[in-house]
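In the two assemblies presented below, chain A is common to both, partnered first by chain B and then by chain C.
For the complex of A and B:
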């Protein structure tokens, strides 16, 4: 029973992080039809920036309630930094290519992935960075005979708040209406006096913010390691293949499916862990090629 | 063969002792009388000696690749400072990133040979890559000293009769067996075994050889839990919960590099280390400072059965003292087993070239260098390393110890009281033992040897 509760929490934790990454990827695709291969790298960059900022301001050994609150407040810096990076990259690197075939964007974002990987190694060094003092400061809660880190509950909460917030933002706000209008018909939106360029920068920055936030919240629990972005990118693609490219609900449901199935696989059939996610993706593609919530 | 029996095998292992010093420390760079340098015979061209070095420059495996690169470059710098190989040929290095993937590595090796015309190929961390690169190196006829990528499969199956290909660090099956011996010595009553392994050839190899050896050392031991995370996993929480739920006495963990750092940090917060003993094969396999002081003490920390820089300890093996000192001075960090292996590789080459030159004069051709490498022994920082002629594989006594924090370092080291060394011939199949497909179908020659003869 304890194991069941913890594994459920593990799954929701993992789904929260996956949702943050996949939602950003899906949002950017939904609005601009850009498949951003550097998205996982933005997630990794968010993790490195946050871990670095927490370490730089507080040092490795600071303890106490005040320091803990300070560290938690500093943590989102990674997300803000990545949003800023996104706001620079969209108009400079991507916009000149909108008139061209999609392959150009794929190539440019893939190049960006490799450049950013090297930049991260250059700036932050090759050894893993961690903001583990946050985890240690918050301690663990006891569930039956087992321990569960209290910080992971915060990540779960952030995942839920982001999902609700993003939904309200897109479906209940004026900006959301403009965003959806632009995504449906860019030329018509432009003709109606919407500054499409500005919408694009904002949407891209929001997508990047989500990726950076994913990295920022995950870094106290794991560690920022080189190469973490590639793995995240592949998982995010599995999520949106299952959920449907460009769909927010799809990202949420896809993230939940991926993480629960993965956990169940690990618990009951450890040998198939590698294959199981791709299996679900393959089945979904066979039955619903556009994904569960995708539009044709 | 004199089969060893279990009890005397475990009892005769030395704990906390240093390797016996033998031979001369003068071969490596560092302070030494000038006449110790070799005086070459005949005419030596001053053409640079080109080496291709592929290792992980990016990704979570960079923790292993980086020290390999640094060990290689340091050896090249030292040799070049004395004028180069045979005092004339300066070593140049072309680097490439192993993280590009197996196919890209094979293409890069071809490119290095065909368009850069390298004289020597070195490096490689992953066991997924050496079996692909080995046959290509043989086909191209490029002298190759793999640093790691230590899968048994390379010389068991992929290149069963190597000519150009050698490998310097210990064979992979020795890794799982070394951890089994260390664990059995420390926790002789831990019978319920859980296994956490990366899902590719390395993890499979560790799991199989650990279990084979451990079941002979701890009668009644059974595997009660397995987890097979993908290489590059960062979220280990479901694995950790599963392992705890199966209530093992001991965990054998072959997860390595950045993955291991992520694993131990999560395992700490889930209380895994309080619930079971933990044995690893590669906790001390990366750059030493990658592991923080939050890492629990009393964990059996593997160094790929090869080397960790605090052993042989200060004053016990001058070659290591001096190597660690120079490495720290050059790179501002401490060396790992990859550093020792890459560094020793170039000195093995240097020794072979000099021996061949002494016999034939001039710059020796590859055949002459290969003949000298076969059966060559060298006193390396880690101890005595020997290249066996039948399979071109390097052998050195295996070593493992328990984690302990020491105020002198920013990271845990081996508790000097806990270190055990295992004579390598006691845990590896002897020369010319039947390979898989020759009368048995085990995954490795070592597995067959373990099953049929090891410990009675």
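For the complex of A and C:
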């Protein structure tokens, strides 16, 4: 019973991180019709920046309540940095290609993936970076007879807050209305006086922020390593294919499905754990091309 | 309209260009040495893969981000045949690799061609990653990340006429394998040329340009897309089969999706609206990658920058850009 609770918590923790990445990917696709292959790399970059910032400010061996709060406050720097990167990339590299076939944008983001992968290696070195002191500092809580890291519960809370916040932002704010109008009909939005160029930068930066946030919250629990972005991207793809490209609810449900299947897979069928996920994505795409929550 | 349909050179003209190139390629290993010869063989195998890939991208208008699956299928099948069936004949290995990639691309293609555009790309990618994860996880069959070794001395060419044991085996292997791959490469080029200039190839281009109209004039759109997919995957599988003995090892890396990205890269580098584009692109990409890897540990940075600059400034690739320069020179 205790194991079941812990495995469920693990799944939800994992779903929270996956949701942050996938929601950003989905938002960018929904508004701009761009499939960003560098999105997973943004997630990895966010993890590296946050871990580096925490280490640079506090050193490896700071303890105590005040230091812990300080570290937690520094953690989102990764997300902000990635948002800034996104705000630079969209107008310089992507905007010139909007008139051309969509293959070109896909290729530029693939080139970006390769570039950023090496930039990370260049800047942060090849060794894993971690902000484990946060995880250690927060201790663990007792669930039945087992211990569970308290930090994971914070990640779950951040996931839930982000989901609600993003929903309110898109469906209840003025900016959200403009965003949705732009995504439905770019020309009409432009004719009504909306500055589409600015909306695109903002949407892309928000999407990147989500990826960076995913990296920032995961890094106290798992060290940032080279190659984590490439793996994460494919799982985020699986999530938004299952949920529906461009759908926020879809990203949430997809993230939950993927993480519960994955947790069960690691427990019961470890050999085909990943294959099952890709097959689920393929089957969903076959039966409902727009995903569970997508609209055509 | 694209360049493909505008200019179909006549057969005498093709022979006039092709025969000197073939003769030059035949004598090349005498002048460039062992290492360069080896690099060129890699270039030829990738060229076959890119040629197959471009039947989908350039001629049918479908961007597959999952062609690593068919390359890997060809490679792993050869490795299994050599290791488990103890077959020595390379011809039988190739036959096995080609058949296996034909079967898997027929199955995957049947699923993928139900969609177009980005959905097609993602579906192809998702299915290719099924194979990758199986190769990665079933390590007692596939060797996991260690992969499977395919030792050179376990292989014979042309029905046992050439074997590679004893002294100087490596040199003999490279020089004879060069001609072996060159001949298969030329056959593949001729077959692909015939396919794209056949009525079937024209129908594919019609589907690419306007699938609704193509349907109206009686082209079975979905079935032709499927056929193009199968041919494309089989060519890429042939490339994987030829690649394995040269590399001596097959690992899950060639099934992982960034390798699919490299195949796309090769094709775009050469120019995908052009028959020769993927060939030039694959050979150039191979040199580019080898020298970038040798020159810097940040080779991905080099390759990524080349790709970004290419897409922004030279979207028609090497061949397309050279063609444009040639036309400008002729006019002015």
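By our rule, the second predicted complex is superposed on the first by the 296 of 296 C-alpha atoms of A that agree within 3 Å, B and C clash if a C-alpha of one lies under 4 Å from a C-alpha of the other, contacts with A are read in each partner's own complex, and residues count from 1 in each chain.
The criterion applied here is as follows: a residue touches a chain if its C-beta (ideal position, glycine included) is under 8 Å from a C-beta of that chain, and two chains touch if they have at least 3 such contacts.
Small disclaimer: the values here were computed from a predicted structure and weren't measured.
Visitor: Answer with clash or fit: chain B and chain C placed together on chain A by superposition.
Guide: They clash.
Visitor: Should A:221 be classified as contacting the first partner (chain B), the second (chain C), both, or neither?
Guide: first
Visitor: Would you check which partner chain A:238 touches, where first means chain B only, second means chain C only, and both and neither mean what they say?
Guide: Touch partner of A:238: chain C, not chain B.
Visitor: Look at A:147 in the shared chain and tell me whether it touches chain B only, chain C only, both, or neither; answer first, second, both or neither.
Guide: Only chain B is touched by A:147; chain C is not.
Visitor: Using the superposition on chain A described above, determine whether A:286 touches chain B (first), chain C (second), both, or neither.
Guide: In the superposition, A:286 contacts chain C only.
Visitor: Applying the document's definition of touch, where does A:168 land relative to chain B and chain C: first, second, both, or neither?
Guide: In the superposed model, A:168 contacts neither chain B nor chain C.
Visitor: Is A:7 touching anything from chain B or chain C once the two structures are fitted on A? First, second, both or neither.
Guide: First partner only, chain B.
Visitor: Could you tell me if A:271 is touching chain B, chain C, both of them or neither one (first, second, both, neither)?
Guide: Both: A:271 reaches chain B and chain C.
Visitor: Once chain A of both complexes is superposed, is A:117 in touch with chain B (first), chain C (second), both, or neither?
Guide: both
Visitor: Per the contact definition in the header, classify A:262: touching chain B only (first), chain C only (second), both, or neither.
Guide: first
Visitor: Chain C: which of 146-154, 218-226 or 272-280 bumps into chain B?
Guide: Of the candidate stretches of chain C, chain B runs into 146-154.
Visitor: In the superposed arrangement, what residues of chain A touch both chain B and chain C?
Guide: Correct list for chain A: 117-118, 121, 230, 270-271, 273-274.
Visitor: Using the touch rule from the top, collect the residues of chain B that touch chain A in their complex.
Guide: Touch list, chain B to chain A: 57-63, 66, 99, 199, 226-230, 232-235, 237-239, 241-242, 244-245, 258-259, 261-262, 265-266, 269-271, 287, 289-290, 292, 294.
Visitor: Could you please specify the touching residues of chain C with respect to chain A in the complex?
Guide: 57, 63, 65, 111, 114-115, 117-119, 121-123, 125-127, 129-130, 133-134, 136-138, 256-258, 261, 264-265, 268, 297-301, 303-308, 311-312, 315
Visitor: Looking at the complex, which residues from chain A come into contact with chain B?
Guide: It comes out as residues 3, 6-7, 10-11, 13-14, 17, 117-118, 121, 126-128, 130, 132, 135-136, 140, 146-149, 152, 218, 221-223, 225-228, 230-232, 262-263, 266-267, 270-271, 273-274.
Visitor: Under the definition above, what is the set of chain A residues touching chain C in their complex?
Guide: 35, 37, 93, 96-97, 100, 102-104, 106-108, 110-119, 121-122, 230, 234, 237-238, 241, 245, 270-275, 278-279, 281-282, 285-286, 289
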